[in-house]
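Look for subunit A in each of the two complexes below; its partner is subunit B in the first and subunit C in the second.
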Partner chain A sequence: MKIISAAVKSVYILMPAAIVMAFLWAPPAQVLGDSSRIMYFHVPIAWVSILAFVVAGIVSILFLADRKGSFVMFDGIAYNSAVAGLVFTVLTVITGSIWARISWGVFWNWDPRETSIVIILLIYIAYFSIQGAMAHNDNRGRIGSAYLILAMITLPFFAFLVPRIYPSLHPDPIINADRTIFLDDRMRSTLAVAIASFTALYCYILHIMNRMMKLQNHIEETSHEAD
Partner chain B sequence: MGNDVLRNLRKDFLVEFRSRFALNVSASFAAIVTIAISLTAGGVPFSPKVQAIVLWIVIFFSAMNGLSHIFVREEDQGTALFLRTAVNVDSVFVSKFIFNQAFMAVILAVVTPLYLFFLQVQVLHVAHFIFSVAAGGVSIAAATTILAAMVAKAGGKGSLFTIISFPILLPVLWISISSTSAALNAPSPTGGNLLFLLAFSGFISVISFLLFRFVWLED
Partner chain C sequence: MRPINIACCILLLLLATGAAIPVEKAGDKSATLAAGQCLHAQDMHKNTPADPREAENKPEPSTTLYHVMGVVLFIWIGIAIFLFRLDRRVARLENRIPFKK
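Moving on, here comes the complex of A and B:
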């Protein structure tokens, strides 16, 4: 438990370090210049949004596979992870469109990666529609979890397959003059720290949301007992 | 299991044949939309890409009008409880899955000729076109079976089925449109898109089969 707590609290060190490294230490990219610094935020946020949805899916599997009642809170954890994932996905879309405006001159042009992230966003918005429709239904956890697993298995199609099947202007080919991805050591280490810091931020947010959920459940149980 | 599936299928077909509610709604919707598009276009033919897009929009929304009915009906009429207690969960899924595939085949058999006729579509590669439409239809029916069960459990509320199906089906629609468009005017369409659709159908069918018991059975 102490290890988890320490890992979660590492965000207090990692996030300022990532910000300082992104703006002051990492060199600008050859073609994109200083605007490439948005990469140190856009890429980690996109990574965390996928991670949050995968965590939601895996936790849902555990919830559905649980026969002994050991993981009764897991549908709530999956829900919280999906909420965090949705917020990070919206941030991915926002940072991506800012980067697109700088690089391509337009905020949005239905590039395969842009299309993929919007579809992922729609899939998880649909999850909240189901949850809303089943507000007082006893099967809400089971059906929500089944949907999250179904949504998770479609992720590889959008996150990995579609951008590789269809031609894309996404920065893979344009970040450097030789039209290949080339990040020098300082850029690589900045990106690694940024990814670690946003992962820690996601863990921190999820940790707080789960604690709030437990407290809320405890208050409800206590008030029922008092009645 | 085989007998259960056959019995269930027989019951579903009989009930549907008696009322023909889902079929009538879907076929009528398809006819109205196709005629409306043709009328507003004033006989001017669209480009092959637009023809493919409109065809799949008509197919998608026609299917959405009927594919959830198979589970919503069970919940509305109170027969879901009997099915849950009397019939093996896997048999229920397989029978509903087959029913939805058959239903989708009927929708495609109604929509596609109507569309070709009213919108003056010229098909360059007939076999590829038929396979594209069939593979897209199979994928839609495969993915929506479990989603229909979820919506039925949520009370079958209005457009919820379309809202949750649309994002899951977007890759299917995307690829089906590419494949259909290629069948209409590409010099030599390849089978890669068809392979993707069949792979997606197989993948989602297996996952749906595994997840169905958690959606169907109650605590």
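Moving on, here comes the complex of A and C:
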């Protein structure tokens, strides 16, 4: 546990390093110039949002597959991961819109990738609506987990397939059809540090949220016992 | 309805209204849009510097870049302080409350 705690706290070093590298060390892109530096924030945030939803889906599978009651808390962990994923998705939309304004002239133009991220947002907002509507339902955990698994199945379609099928103004993804990363070495290493730092940030936030949830559950149980 | 749902709905509404603005009204229009359209996927990701000598002799970053970096670092420091304090408070509570093993 202490190792996990120490690993996630590496964000305190990684994130300032990523910021300094993004602005001072990485060269500007050929066409976009300095505005391309938003890539070192937009791409890692988008990666973390997908990661968070995948974690929520996997944890939900474990929760539903559990017959012995060893993963009772996993429903809450999946919820917390989905919350973090939703926040990071909103940040992806914001950073993407800023970038779109600089390079396309408008904040939003319903590009296939923009549209697919909005659909992903709607799918997960529906999850929170379901969770909110079933606050006192005993099957809330099971239904929510089943929904998160279904939502995870749609992710590859909206995040990876749709933007590759339809023509788009969006820059080629890092993992593209040519299997070539069109990035300078310094850009590549900066992006790697940024991805590592945002992943650590997600893990850190999830770690704190899970500990808070555990405390809340304990307090609720104690107060019920006292009643 | 939870506050997070309300916030997301407002954001989507803003996105939808932003998209409804015709391109002609969205600023410096044809020039910026034409420039944007030139940035096709293949062109945009040739992100290597044009010439190695150019990369070596590149000018010092402008002051604007330092300002933006300063703002981003300032935001990060705020988030880091918040997370650190939150982590410490949770740790203190965990020590105070005896958990069932």
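Rule of thumb we're sticking to: the second predicted complex is superposed on the first by the 218 of 227 C-alpha atoms of A that agree within 3 Å, B and C clash if a C-alpha of one lies under 4 Å from a C-alpha of the other, contacts with A are read in each partner's own complex, and residues count from 1 in each chain.
To be clear about the criterion, a residue touches a chain if its C-beta (ideal position, glycine included) is under 8 Å from a C-beta of that chain, and two chains touch if they have at least 3 such contacts.
These numbers come from a predicted model, not from an experiment.
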{"item": "Touching partner for A:32 - first (subunit B), second (subunit C), both, neither", "value": "second"}
{"item": "Touched partner set for A:157, first subunit B, second subunit C, both or neither", "value": "first"}
{"item": "In the superposition, subunit B vs subunit C on subunit A residues touched", "value": "C"}
{"item": "Touching partner for A:130 - first (subunit B), second (subunit C), both, neither", "value": "first"}
{"item": "Contacts of A:23 with subunit B and subunit C, given as first, second, both or neither", "value": "second"}
{"item": "Subunit B versus subunit C as contact partner of A:147, first or second or both or neither", "value": "first"}
{"item": "Which superposed partner A:86 touches (first subunit B, second subunit C, both, neither)", "value": "second"}
{"item": "Subunit B versus subunit C as contact partner of A:138, first or second or both or neither", "value": "first"}
{"item": "Touching both subunit C and subunit B, counted on subunit A across the two superposed complexes", "value": "122, 125, 129"}
{"item": "Subunit A residues within the subunit C interface of the complex", "value": "11-12, 15-16, 19-20, 23-24, 27, 29-32, 34, 36, 83, 86, 90, 93, 97, 103-110, 118, 121-122, 125, 128-129, 132, 168-172, 176, 182-184, 187, 204-205, 208, 211-212, 214-215, 218-219"}
{"item": "For the subunit B and subunit A complex, residues of the former touching the latter", "value": "146-147, 150, 153-155, 157, 160, 163-164, 166-168, 170-171, 174, 200, 203-204, 207-208, 211, 214-215, 218-219"}
{"item": "Footprint of subunit B on subunit A - complex, ascending", "value": "64, 119, 122-123, 125-127, 129-130, 133-134, 137-139, 142-143, 145-147, 149-151, 153-154, 157-158, 162"}
{"item": "Residue ranges of subunit C in contact with subunit A within the complex", "value": "1-2, 4-5, 8-9, 11-12, 15, 18-19, 21, 23, 26-29, 32-33, 35-37, 39-50, 55, 58, 61-62, 65-66, 68-69, 72-73, 76, 80, 83-84, 86-87, 90, 93-94, 97, 99-100"}
